[in-house]
Structures are given as structure tokens and as C-alpha cells.
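Below are two complexes that have chain A in common, paired first with chain B and then with chain C.
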Partner chain A sequence: MGIINNKRGDKILSVYWFAVLLIIAGGIFGMVYVFYGTPYDVREIEARVLTNQIADCISYTGRINSNLILNGAVVENNNFLEQCHLTFDSTEWEEEQFYFYVEMYRLQDLDKSFLEIEEGNLNLAVSCSVQENKEQENLATCLKDSFYSLDDANNQYVIKILTAVRKAEKNVKI
Partner chain B sequence: MKKNKRGTILVENVIFIVLNILFLTILILFLYRQGNGAVIFEQSYAKNIALLIDSAKPITEMKLNMEDAFKLAEKNGIDRKDIVKINGNVVTVKLSDKGGYEYSFFNDVEVTTYPDVPSENNYIIKINNYN
Partner chain C sequence: MLKSKKTRDPPCIAPPLLPRNRSTPNSAYITRTLLPRNRSAQTGETISWVIATLVIVGILILFIYASTLMAKIKVVTFKEVKSDLTEESKVLNGKTNLANIILNNKDKEIIEVILQNDE
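On to the complex of A and B.
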């Protein structure tokens, strides 16, 4: 009787070990699948690069672009995207995946902006206001930056830039 | 009776050990294949190249080391010159015959890409002019 019981115990133990192995294998397969199946999220870097491009276009080496402000006055009819060599249209996406909003303030009047430039997909601006309260990966990644510059007549300005990059399908597992 | 019992125990143990080894081998192969898959490399290189182009100014030549990609492409029968393609403002990296991975860039520049001399494992990305 004792021998029979031992044999049963061994068999149960083997089955139990295989069950444990299967559970571990399932866990490892699941973790690896999730890890490698999640795309690299490069939107923050992309937003940073876009902000730098816009900042360089507005003010290179600390002087405001004379195509934007000349002698303290705003130069009208700017095609900002073309001037800054930016293109937001792509065969990869049906809708534009970028947005930016630039505000320029005179240093003596920081309450009211005197020049605003807005380009790209306006719907992404809403994402940025939502992101302020709680970070949502599925929405656009937003970045805010500001800097100080002078124009040709040595007037001082503060420039604020908000950029948004969507491309959620290629950067987040949805 | 004793001989039979010992024989049964030995066979059970051998089967158990063989199955364990088989299980571990499959697991290690799975992990290795996942980490060295074309999909992972295609995505990584396409995003890398798009970000490099976005950050670059005209008349710039960049050399990107793509040793891993070259090995994988060779294994999958893809020619070096077909690995990176630029169509408008979209970068496509192809390391297997399953289509490749696309990623767009916003810098409005004219770009040409080609592999370096065969002895070097680099890809050359040349930013020519603004469009």
C-alpha cells in the first residue's frame, strides 16, 4: 500500500512541476511579448527637436529674425512653416501629427502677447490642456519652452513655444 | 520487482530532465529571436534616422553604424542599398521581405542615403539642401 501511495505521489509531483513550468513559461512569454511589442516612444525627443528648430528660426544667435520683427514692428504675411523649412504633411499619416503655438511678449508688457503664430493640427492643442492635468500616453506629447531675445533695434522680447507631437500609433501600444 | 521499480524511476527522471532541457532551450531561443528580430531593428533604425534628419542642417553628412542591421539583412537576403529608403519626408527601413518600417520627419530637406564602402558597417545620410 505504501509503495502504491509513493508512486501516486511522484506522478502528482511531476504533473505539479510541469504545471509550474507552464505557468512560468506563460509569464515569461507574456512579459517578453509586452516588452518587445511596445514601440519606442520618441515623441518627447521629437517635440524637443521641433522646439529647437522653431527657436532657431525665430531667433538665431540671440537676434530675432528680421522676417518676423523689423524695427520693433511685426512683419505681416509670414509663411512661417516655409520660412522655417518645416513640413507637417506626410504620406504616412492622413492628418497632420504636429502642432505648435508661439507667443511673443515685449519685456515691458508680459501680460499681453503682441505676436502669436499657430501652425499644424489645431486639434492637438486640446491634448496639451488635458496632459497638464494628467499624463495620457494615447494623446499628443506636449512640450513648453521659453527664451529671451533682442531685435535689430535692441528691443527685448520673451518668446514662449508650445509644441505637440501625436504619432500615438507608432509610439504607444494602443 | 525491485529491478522493474528502479527502471521505471530512471525512465521517468530521464523524460523529466529531457523535457526540462527542451523547455529551457525553447525559452532561450524565443528570447534571443525576440531581441534580434527584424521588426525591432527596423523600428529602432527608422526612428533614429528620422530624428537625425530632423536635427540636421543642410550640407551635413552623417555616418550611422548599422552593423546589426547589415548582418540581419544579409541573413534575410536584402541588399545593403535597399535597407534605408527616403520617400518625400518618410524614412523606410527594410531588413526582411515583410515590408519594412516607416517613420516621417518634419525637416523640409532633400536627403540622400547610401551604404558606406563594404569594409565599413556604416550607412551614409547626406542632407543636401532645403526643399
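On to the complex of A and C.
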């Protein structure tokens, strides 16, 4: 009868249940923290939007902007960023977080570029070459696209656009 | 509800009221001391709880790992934002098509091949 009165086992079991409860609660907290602590990566969308903006600036209605190419010749001293209403300087970031490189090829001569435009943070160009081999989320997200257009003299061009968006701190958990 | 003292069950204690006569020894004390202490049931139960704990911890670690993998693919793409976006309605494809229409281009296929090779 004296053994029945001993409640030590019950106490140990209560502590055990409390410990199990804590472990499960900690696990759920860990899962939620890991999932919701990781930011959404929207750099691909930003790169796509930048590409579309540049493409609109180069050729809006199937014809190349006459401020860039006129009568089959390159117009010098064109301020591309200003023309395209693009501002890469931001007070939020110490250095520029965007980069783009536009190459325009004549359809007759696809080996040699007719016009090249490069703006933004040049360091990001290196990221793009690295990303081609292996995707590194801490580096800039790059996007390559190309389209076909005509100038006012009906010369045909293939336009290649490479855009890079860094902003790793806001899009990737570092 | 609390029971009154009269109706409460008798306390489970060793029977002290039995006559303490050496000729008739207390049977309760004899059984307590002479019975072998077999704790295999307790040990079995403890082991099963230990294993259960390990299983719980293992499942939690698996779930945390799965949530880590799910967190890595939190990449929002253009198609997810505009689910109705088809290949034809891409802005750059539209420009190419427009230029082809302007020139009444017969070499559309060649240009498409060139553009696809670039991508």
C-alpha cells in the first residue's frame, strides 16, 4: 500500500510531457521561422521589368528609336539612361544595384556588334558570367533576352539585352 | 466537489493498526520486503517513451529541413505574377512580331531561330 502512495513517477512523467511539449513547440517555431524568415526573391521580376523598359526605349513600335540609330548610323552622345527614364542612383544603397548591356547586331553581320550600350554597376557583369556556370543566389540575378527590330531605313537588327539586379540583402537570407 | 471527511476514502497507508504481536507478524510489511522488485515493466515503458521522444525529435528535424528546402524556392517569377502570360504575349516577342509585320518579313523563321539560339 505504501508503494501506491509514491507519486514520484507521476512527477517525472509530467516533466517528461512538459519537455515533449517544449520540443514540439520549438520545432514548430523553428519551421515557421525558417520559412517566413526567408524573403521572397523578386529579382527575376525586377530584371524582367528592366529588360522590358529598355526594350520599350530602344524600339517601341517595331522601329528603333531615332535617337539611337538614324538612317542606318549610330547617333553619338545619346544619354540612354535619361532617354529611358532610368535612375540607378539610390539613397537606399551605397552602390548601384542594377546593370544592363545592350548589343545591337545587323542581321547581315551577326558576328560584329553595331552598337553597344552599357550602364550601371559594371561589377555585376562578372556575376552574370559566374551565374552561367552555377547559380549562386548571393550574386546578382541576370536575365538575357533578345528581339528583332528595324530602323527608319528598314535595316534589320537583332538586339540582345543582358540585365542584372543585385539587391541580395533584400531578396536572399544571407 | 470536495467530499466530507466522513465519506472520503480511507487513506492508502501501511496498516499501523494491526496488532504488533511478534507471533502474528504484520502481513503487509512481509509482502513489501520479501517480494522481489521486478521493474521490467517500468523499464519497458521508459524505453518506449525514450524511443517515442527520439521519433518525435526525428520527425521535427525532418520537417524543419523540409521547410528550409521550401524556403529556398521562394522565388517569384514573372509567370507566377501573370499566370495568363504565354510565350506569344511576351513584350519582346510582340516587338519582333511587329517588326516582321512592318517589313512583311518572309524570313520570320530564320529570325526566330537566331533569337532562340541567343537565349
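We adopt the following convention: the second predicted complex is superposed on the first by the 154 of 174 C-alpha atoms of A that agree within 3 Å, B and C clash if a C-alpha of one lies under 4 Å from a C-alpha of the other, contacts with A are read in each partner's own complex, and residues count from 1 in each chain.
Everything below uses one rule, namely that a residue touches a chain if its C-beta (ideal position, glycine included) is under 8 Å from a C-beta of that chain, and two chains touch if they have at least 3 such contacts.
Treat the numbers as computed from the prediction; the structure is a model and nothing was measured.
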First (chain B), second (chain C), both or neither touched by A:K170: first
Chain B versus chain C, judged by how many residues of chain A each one touches: C
Which superposed partner A:L86 touches (first chain B, second chain C, both, neither): first
First (chain B), second (chain C), both or neither touched by A:Y40: both
Partner chain in contact with A:Y16 - chain B first, chain C second, else both or neither: second
Chain B versus chain C as contact partner of A:C142, first or second or both or neither: neither
Which of chain B and chain C A:F98 touches, first, second, both or neither: first
First (chain B), second (chain C), both or neither touched by A:L68: neither
Which of chain B and chain C A:A25 touches, first, second, both or neither: first
On chain A, positions contacted by chain B and by chain C: 3, 32, 39-40, 42, 45, 52
Residue ranges of chain B touching chain A (in the complex, touch as defined): 5, 9, 12, 16, 19-20, 23, 27, 30-31, 34-35, 37, 40, 43-44, 47, 51, 54-55, 87-90, 102-104, 106-109, 130-131
Touch list for chain A against partner chain B, complex: 3, 10, 14, 17-18, 21, 25, 28-29, 32-33, 36, 39-40, 42, 45-46, 49-50, 52-53, 85-93, 97-98, 170
Touch list for chain C against partner chain A, complex: 12-15, 28, 32, 42, 49, 53, 56-57, 60-61, 63-64, 67-68, 70-72, 74-78, 81, 91-93, 95-96, 98-103, 111, 114-115, 118-119
For the chain A and chain C complex, residues of the former touching the latter: 1-5, 9, 16, 20, 23-24, 26-27, 30-32, 34-35, 37-42, 44-45, 48, 51-52, 55-56, 59, 61-63, 107, 110, 144-150, 154, 156, 158, 160, 173
